[in-house]
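Note that the chains are named A, B and C in the order they appear, and that numbering of residues resets to 1 at the start of each chain.
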Amino acid sequence: MRALFYAENIVKNFGGVKALKSVNIDLREGEIHALVGENGAGKSTLIKIMSGVIQPDSGRLILEDEEIKLSTPRDAHERGIATLYQEPLIYKSLTVIENIFLGNEIKTKAGSIDWRAQQKKAKELFNMLEIDSSFIGEKMGNLSVGLQQLALIAKALNFNAKIFIFDEPTAILTEIEAKRLFNIIEKLRNQGKAILYISHRLEEIFEIADRVTVFRDGNDEGTYRMEEISREKIIELMAGRTLIESIERVKNITKKPILEVENLSTKYYRGVSFLLYGGEILGFSGLIGSGRSEVMQTLFGLIKPESGRILLDGKEVKITSPKVAMDLGIAYLPKDRASEGLFLRLNIRFNISIPLIETLKGKFMKINSLEEESLAKRYMDSLQIKAPSTLTILQNLSGGNQQKVLLGKWLSTNPRILILNEPTRGVDVGVKVEIHREIIKLAENGISIILVSSELPEIVKLCDRVIVMHEGSITGRFDTKEFIVPRNLLNAATGARMIQTQ
Amino acid sequence: MDRLLDIIAKNRNAFLSTLLGILFATFSFIVPHFFSLYNISNMTQYGVEIGLLAFAEAIIIISGGGGIDLSVGSLLSLSAMIIGVLVGRHGFNIWVATAVGLGVAAVGGAFNGILVSIAKIPPLLATLANMYIFSSLALLVSVEPQFGNPMPISKFPPDYFFIGQSTVLGIPFQVLFIFIPSFLILNYLIKSTTFGRYLYATGSNEKAARFSNVPVRKIRFMVYLIGGILVGIAAVIMTSRIASSRPDLGMGYELQAITIAVLGGINIFGGEGEPSGVLLSIGIIVVLYNGLQLAGVNAIWQMGTLGIVLVGSAVGNYFLSRRTMRILISRTKNLKEEDRQG
Amino acid sequence: MGKSIAVRLLRTRQFTVAIVLLILVIIFGVSTKNFLSTSNLKNVLLQVSTISIASIGMTMIIITAGIDVSAGSIVGVVAVIVGKSTLKGIPIPLILLIGIGVGALLGSLNGSIVGFIGVPPIIVTLGTMSFLRAMVYQLLGGRWIGSFPPFPASFRAFGIGEILGIPIPAWIMFTLAGVFAYYLRFRATGRYIYAIGNNPEAARVSGIPVKRVLFSVYTMAGILYGIAAVVVCARTGIVQTNTGAGFELAVIAATVLGGTNILGGEGSVVGSILGALLVAIIKNGMVLMNLPALTEGLVVGSIIIVSVFADILKAGRENHG
């Protein structure tokens, strides 16, 4: 098999951060090449370079034995490189047909768009992929994400893409949709396309890939044929040696639960029941889209439960709004700090004080600014937020420091129950360790913590008990430390069967 | 010079102050009588009515979510017409009439607020619709029963005129006792109270605001209500100043008010901007108005000039920020120039 | 999953507006003597034509998620220049070119600042609105033109003449509507306008020249305002400082009534013209029914609220269903 595409010694720096230190990868016709690595390993930087969104500082891209420059996405497009992002780039109020042909219209001699020919071609493309073509006249926005992805694959086929880059395509798909996608990816391989497949889910990679390249901290740790590498080996390469360090903690867990959730159901999940004890760290594991976030949002009054009960200290409570939740001593750190968590255009003080601004209110709604400043200062110091002052605008902080502000914002409310949704997402290793220490400290002080995380090492390292969810149901409960190991959690997360260790 | 440009690019108020200073100096030099105590204090009254409307637009735009109000002009007409009709045709006490006029303006603002925050109609459309509705109501109210036609009203009692026509210590009454207090209250409300925090939170990130226990809907409603009250106050001042009311009194003011607010540094996408910037922007229009008038240039050019400044400052910001970027990039890139040759 | 074309058509705003129009025509036709008379229908067409022509441009701009409040001022400036040229005895074809050219120039001023510099459209057009209105005043010197001396009859024909019994402005309107409906549906660059309004990032990534398209949209809108200005000038026979003032909001109202989504990405020429017709017929019918003309704004405003609110309810149902 000859290599269709090489990326050689690619280096890319963002400011002082070395995103790619010198990586190599080669793609071959009729092959699925997987790319794995932890968050921040440099996978998305490479994708952006290959799709012409950014340019490398040095290194060469070679397509069909010719060195190429990809200065714009259009260049990549014209060279036959198609990138399918996790969140499909679509025109939602235009039809599927139109999404396929925009920028590549079929025209009549007079230069008009030939709608009939486009419709025919779209049907052909869908038939070729063996997908039901009845919805090609629908508006793209009315389709499921899975179907949108398929439509975009059809679009790439239409402009004769030779290289398909899939960026974590299954992260927000249902299982059935993912299976269908795999069939199609395999079909593309059989047609001789070169495929670069990025995923966090190792089991997928063993299912469909031919070779795998592992990235760690901007380096490539080598390329292997699937049959010559094991899952353990990949994990080792991804994480280095210090995969899971242990952390000491004085356990101070109450005998009686403080929170009891009974049979809670919404349209996002069904029959969720669990207990939370004082001073414990309860992990929620599972893949993105398993309903974990929605359970937490229900506990914080952002989603209304359809049935089930929530009991606090043995008494039933109705959490109808974030205000009620806060009054009950519940705090929720959302997972997407830019869109859900923080006000990035405003300063640290504003962000930390906003949830309890009512309590700082004096006469004539006046905010006691001295108290506000000391509140902000307290959390800036205790969380070691690195900024010139409490008036620094968040946009000028690093991701890690922003995350600490988010933590400070919710700690300021003095919660009894602290729900953390992906608290270390997109922060560097140093800050991650600091946040872990803070979580431990909080638990030692008797606060109950629910930790939602997609990173298994984090769950394993910190949690006393773990609940695993899959497609809206609880599929695993692990109550003792020896059962809380990645393999068990992964098994439950892929939803094979109910696993319980009580 | 570079430093100055940097400051101007980053700090809207510095830019506006500079502009105001330059305009003021220029007019003082070339226009006779411009730089006199009498003229300076007298000219401030021209900023009061449009200024109150600009404040209304400012808080509405800060609240985000496409917040804007196209109905302030016609609501002003309606409120003024109600006052006029109650006094001039039905013989009401002027203060009762004024209270009703203010109340109508508040209700009009609240109606905008309901459409935007509860019915979730995009603000541009909700207030466009209400612009038509309010102006239609103003016309209906103004119909003279004897002739069956809309008619202006000029029968205001003289004890009403002190609001818009008197001075205290040489300063126009409405500036000293209405405009300045309004600004101070608004500034206090926005900078020092929970309302202000909620306002900026809502405007800068609606989702994060909901996740932080901020009453987003209530804030979006409140800004229109406050906007309506400010419009009502402007209507009172205007009817008192010109001693009459017409059904088209506020026509065209909506876009002027938005222009002034945006020039004052209110981010059209919400969440950013300060009352002090809007105040400076009002200062600019006052100086322009007065200076151009004394120089014999038609008043229409005050808005014409403001339009140029509005677009010019946006374009200027673009080039200044590119310049800053270029400097930053060239500083870091010089080191790597050799690498990049290949 | 796939729904028939008929079902999809029934769901469109154009269809709803057309039905409402039909109902109104029936009501007015039955309850008044003159509504369906030829002269009255001509009158409606005449009234609707300028707003319709301009709304074609506004439709394209709003589809790109933009807005243009300078439309009325552009109409004003073009009307002055066209009017003055007419009085100087410049031949008619040249005058048309001047109208189109000045409109294009002013539109491209908006377009270059929005497209190439990236200033939000509302800010740009607020600025040009104020500036161009002052220009109108400056060019006229505070007077008005057209009454003495009057515009020549050959020019007035563009506003009041008829061909085959149909007013010339209506011919212009229908022709332009046809041209731009074709453009938006069948030309690649026409579709790019929708792409940009839907997802500018996706458009950029797939190589659509976003800046150039935005520039051309505002320029084309300028041309359409220019043509509308020629018609206004010829029909009313007078140009004054406030010619075109407030026009922009009437045009925006017609456009959004016709189903163009104020948030961008959706809209059609046919819809906007139906929207303009709806407003014109309401005005006309109310006059004929001896309803006070003053309530017209009340009706137009209410229709905007009801129709947009109905859309929102419908969208909500579809999302949850």
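In the analysis below, a contact is a pair of C-beta atoms (placed from the backbone, for glycine too) under 8 Å apart; a residue touches a chain by one contact, two chains touch by 3 or more.
Since we're looking at a predicted model, the values are computed, not measured.
Q: Give the label of the chain whose average Cα location is farthest from that of chain C.
A: Between chain C and every other chain, the largest centroid distance is to A.
Q: Using the touch rule from the top, point out the two chains with the most contacting C-beta pairs.
A: B-C
Q: Round to the nearest whole Å and give the separation of the Cα centres of chain B and chain C.
A: About 28 Å, centre to centre.
Q: Once you find the CA centre of chain A and the CA centre of chain B, what distance in Å lies between them?
A: Once rounded, the distance between the two centres reads 43 Å.
Q: When you check chain B against every other chain, which residues touch at least two of them?
A: Answer for chain B, listing residues that touch two or more other chains: there are none.
Q: Please name which positions on chain B make contact with chain C in the complex.
A: 68, 70, 115, 119-122, 124-126, 128-133, 135-137, 139-140, 143, 150, 251-252, 255-256, 258-259, 262, 268-269, 298, 300-301, 303-308, 310-312, 314-315, 318
Q: List the residues on chain C that touch chain B in their complex, please.
A: Against chain B, the touching part of chain C is residues 67, 69, 113, 117-120, 122-124, 126-135, 137-138, 142, 241, 245-246, 249, 252-253, 256, 262-263, 292, 294-302, 304-305, 308-309, 312.
Q: So in the complex, the part of chain B that touches chain A is made up of which residues?
A: My answer: residues 188-189, 192-195, 197-198, 200-201, 204-205, 207-214, 271-272, 332, 336, 339-340, 342.
Q: Given the complex with chain C, which residues does chain A contribute to the contact?
A: Within the complex, chain A contacts chain C at residues 51, 53, 72-74, 77-78, 89-94, 98, 102-103, 105, 107, 111-113, 115, 132, 134-138, 142.
Q: Please name which positions on chain A make contact with chain B in the complex.
A: 15, 57-58, 300, 302, 321-323, 326, 332, 334, 339-346, 350, 353-355, 357-358, 361, 364-367, 369, 409
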